[in-house]
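Contents: one structure, followed by commentary.
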Amino acid sequence: MRAGIIGASGYTGAELLRILDGHPEVEVTYVTAHTYAGKKVTELYPHLHRYAGMEFSPFDAGEAAAGAELHFIALPHGESMRVVPQLLQGGARIIDLSADYRLSDPGLYKRWYSLEHSPAGLLDEAGYGLPDINAGRIAGARLVAVPGCYPTAAILALAPVVESGLPGTETAIIDAKSGVSGAGRSLSLASHFAQADGSVKPYSVGSHRHTPEMEEVLSTLAGREIKVAFTPHLIPASRGILATCYMSVGEELAIADIEEMYGDFYTGSPFVVLLGSGSFPETKSVCGSNYCHIGWHLDTERGILTVASAIDNLVKGASGQAVQCMNLMQGWGEETGLEAMGVFP
Amino acid sequence: MRAGIIGASGYTGAELLRILDGHPEVEVTYVTAHTYAGKKVTELYPHLHRYAGMEFSPFDAGEAAAGAELHFIALPHGESMRVVPQLLQGGARIIDLSADYRLSDPGLYKRWYSLEHSPAGLLDEAGYGLPDINAGRIAGARLVAVPGCYPTAAILALAPVVESGLPGTETAIIDAKSGVSGAGRSLSLASHFAQADGSVKPYSVGSHRHTPEMEEVLSTLAGREIKVAFTPHLIPASRGILATCYMSVGEELAIADIEEMYGDFYTGSPFVVLLGSGSFPETKSVCGSNYCHIGWHLDTERGILTVASAIDNLVKGASGQAVQCMNLMQGWGEETGLEAMGVFP
Amino acid sequence: MRAGIIGASGYTGAELLRILDGHPEVEVTYVTAHTYAGKKVTELYPHLHRYAGMEFSPFDAGEAAAGAELHFIALPHGESMRVVPQLLQGGARIIDLSADYRLSDPGLYKRWYSLEHSPAGLLDEAGYGLPDINAGRIAGARLVAVPGCYPTAAILALAPVVESGLPGTETAIIDAKSGVSGAGRSLSLASHFAQADGSVKPYSVGSHRHTPEMEEVLSTLAGREIKVAFTPHLIPASRGILATCYMSVGEELAIADIEEMYGDFYTGSPFVVLLGSGSFPETKSVCGSNYCHIGWHLDTERGILTVASAIDNLVKGASGQAVQCMNLMQGWGEETGLEAMGVFP
Amino acid sequence: MRAGIIGASGYTGAELLRILDGHPEVEVTYVTAHTYAGKKVTELYPHLHRYAGMEFSPFDAGEAAAGAELHFIALPHGESMRVVPQLLQGGARIIDLSADYRLSDPGLYKRWYSLEHSPAGLLDEAGYGLPDINAGRIAGARLVAVPGCYPTAAILALAPVVESGLPGTETAIIDAKSGVSGAGRSLSLASHFAQADGSVKPYSVGSHRHTPEMEEVLSTLAGREIKVAFTPHLIPASRGILATCYMSVGEELAIADIEEMYGDFYTGSPFVVLLGSGSFPETKSVCGSNYCHIGWHLDTERGILTVASAIDNLVKGASGQAVQCMNLMQGWGEETGLEAMGVFP
């Protein structure tokens, strides 16, 4: 199959190129970039030398339709919803890595992204691209919205518990730590090496745009309203998200219950690795891979359940998950092209 | 004044040497080490070249008594309580950086440190060395127990709120991130560069020995029992602790209340810098300094207060705080020798 | 084919497990470790979860012979030469990642490694496992000595020039920078995170054991004696070696000559990527991959040629190169299982 | 004395503020910035909280003259030479941290900086601000040009040898490794955390603007032409420069000669710490301090002398050295305000 990458010059675009190079069923035939149109891929990314000769094109709907059967969109939010309708009309299937089709409510979208959504109709059609909770919907969709990196980590950590309907789990505290590549390749003081190196800090506390996404997906899963107090932190690492999640679960819950909850929920999820009680994940173990590691601790004295999940924000948190969605949409083995384990140390 | 450092070969010992070199009232005259006895200070720590010629001695109570009027003890827990009685008998004042005199209850000590405390009597006498909440007691003490690095960060973040008696604040969630020097200079796989670099992970979840210390100090301050669910994380940085603390404060509280709470509580605390609402600290800003930066966010929709504090674990979290205690004990200006701001970037 | 890994608990062993998991022709059937015998692979390396259930065995020559047709040896030098004869006798082919079979002269081995080599005969038989200069010899060998990480980087940078017989190139200056994993998983102060983080320093100046290996291989290639002044440095990164090499080439040489020299020399070397004149490699571009990137600059005013090469010390500098050798020995495609590009950023 | 900082919003400006806060003879009374005029110092640099309330002003020559007796200029090259004449006319003494007054030849300046120097006359007047080789000249100057960070490190490493007139030392190879703060606070892809983290690479090979500065200063010192082949590298650290320098010294030289050369040369240099033969410096040992550590190795077999020096690029390589120059100009103790040792680990 021929695949296109629209907005291929950022980190998620480069990561798609890296991953798809090893995918036996796909050839990348169309890559676009705005600022870097006409530049070689290897000029920006010397590590992608197997794409020597490939150049970024400016986006053109006709060329896109002619060039590939499926497109990954790695554009900023707001820009994605301008190209998606054109691409759908051209008959392609679409996997969108932006935030434009993640929320089902256009009002919520407007509130958090300060933009009018258009056309709103497509929001209903888009499948939320988290295979571990939504595989059926993804398989049949022609438009899939790949989750944000933080929501992927947090939802995978919390889903089994909120779905169980356990009392007390209406509010979760999510303390997340992200590597700097999560902010993308664009330049900012926060991602300046000398500012970020050797430091850790919270940011966007109470205002991060991934908050409504987490709340919507968890609430749907739970069948009741779930609130999250979400605090992202920047840590001095290139890749990786660790989501440490806290819930008040009271004193009835036993460790065996949790073990069962997670075991049952993730049966059939090839990329979720349960470390079990008392074993906690580290981000480096999943670096470069599509796996999510989850561990937990139940503090029976204080009635608090702590669950931590680790992913690579650019793989399971973005491009790898996009490929996983593609595999489901195309009816290929879910793990195809994604079998690589983490690069450690 | 002549000062000794007992157990000077570790990071807190080296940091005492660095700080005291710039203290106008103190000369370090006696430094001991067990493994490194007979070695030069500069052999272990080339950065301490102004101590060229000084050697580590093996510990000897008589020499210690003759050598200095005040001793800093930077030994592992368990070892400290073996030398403290001898040094007190020798007439010296003591500032202990180990965990041996932090808890008031010998039973609690035994439960968490798996050691019988002896002699238990000294536990009552020791003053808890957190000047920002205990300056009076420290000034008059001949034995001061410098707090742990995590308790320093967490207690400074939480003290104003728990002291206020606000309902809902009986349980705090403390998600702390520490640089690797917090584990000391001794070798372990966790502090191997290749293991820690580029990674973040929780450790000792639900079992870290700083938990009872936080609970005792906060409970005393609150006049009621305070529980903490404490999750420390290792981050890829040499120095620094960020404690992100969460409390359910209900919906009555206003931002102005918090502003007032913290402002009042820290009047007269020269090393606490309040960044205010919506401004969050980063560890690098306090690197190498004795300052603690604090910021907060009140989520009125979810009723959750998030407070984050940043310190340098080796300075305000250990050696700098020890010097601050010494200044109080000796009646010198509290800031003497500690005025340096953070080394940033 | 069934493969064994003798001494599998270190970083090169773990890296072999990671790479071979993706190799279509090989199954790892026998893994040994001394200290960790009886432990699960995933206990040491959670990232290797696809080996869940596999345990390290203690080494046993009979079991090794029965268990696999080819063995990778990832033992420390000195230990390798004790097991190699037994394994050869068992009929297996061997790829040794230690230093034991890299030098052809037992006297030189003794001088640099302070050990008597035994049996010396095997030194002649062993093929030096740098496919880019020795593919023919490797293909027919039953014992291959995989080069050291520094020699791999330095020789690949210098080989085309020294082979050309250019006057002035009898002495090369090699200033190499290595990530901390190069020192292995064992604990030392130099690899303590707090010591290595944020720092760079030379070590083993004039005494590093990779010096005679570079000199022997380069001299053989040149057909005359080549000397190297080799200065390794530790940098705060987990992986990667950059070798910046300097040679006095006089003023006759033109840039086009160098271009041709390197282009000709590396025709048919699938893992050497020439960046050309004025383009310099960075280690991160080859992280996790078997590629070597090379760039150069000719300073005609000062008559100095600067060539820099970048490799991943654990892949092209160890385990990946070992697999490349295996592919040649088995007659498989040289790139089999090694196609992955670098994980960047 | 009242001091001004012109262009105070960059890293060298911030570092001047940090250092001068601890200087007993100086009060910073005037700080300017262009982009950040009107902003508070603490808004950009929370670590400088002792300057709470101070704001950056736009530059005004009259206000500058009225505001301070001495000005530090931390502007980009080209901008500095526009304000220096105005400030001199106002009667102030000037310490310029830009490149504008480092080279004595306006033609050389034009060739390397692509700018016409004006007024050229001031080039003769400016004293080169490296106290360890030029203290007398600095003491009497009203305009001092603080050296670049790389030249400081490299010249301190090489000066004793080139001054000795040893044959073979006409060309030196300088392989330098710098932390990312050396590129300043402005944004670029090279200083993006995700690009620089975990990586090392050469840059500006053969074209770095510090090359002519090194050659001029070393040639003057040697009394003959000295050439340097200078290759800077970026390493994943915030601060620090390590300059590893190589010279062909033939086989006559003995280790004792070098010991004597360096010992004699640096007698009376309070900030140069000689580690001696076989001991090599690490950048972290001088982090945050004005010290320079130097060590060396003589390879008698290959006739090559390797000397390495480590400095903090923002302190001895910029702002600390500027303060050291000020101390000389004002007749204060050379070490005043600069006594702090490195912050390690």
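Labels for the chains are A, B, C and D, by order of writing; each one numbers its residues from 1.
Just so we're on the same page, a residue touches a chain if its C-beta (ideal position, glycine included) is under 8 Å from a C-beta of that chain, and two chains touch if they have at least 3 such contacts.
Remember, predicted model here, so these are calculated numbers, not experimental data.
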item	value
Partner chains that chain A and chain D have in common	B, C
Farthest chain (mean CA position) relative to chain D	A
Whole-Å gap between the CA centroids of chain B and chain C	45
Whole-Å gap between the CA centroids of chain A and chain C	36
Inter-chain centre distance, chain C versus chain D - centres from mean C-alpha coordinates, in Å	39
Residues of chain B whose C-beta touches two or more other chains	11, 179, 181, 194-195, 197-198, 236-239, 281-282, 284-285, 287, 345
Sites on chain C touched by chain B in the complex	11, 179-181, 185, 187-189, 191-198, 236-239
Touch list for chain D against partner chain C, complex	171, 173, 175, 177, 179, 194-195, 197-203, 205-206, 227-229, 231, 233, 235-240, 242, 244, 246, 278, 280-285, 287, 297, 299, 301-302, 304, 306, 308, 310, 345
Touching residues (chain side chain A, partner chain C) in the complex	11, 14, 18, 21-22, 45-50, 181, 197-198, 238-239, 273, 275, 281-282, 284-289, 291, 293, 339-345
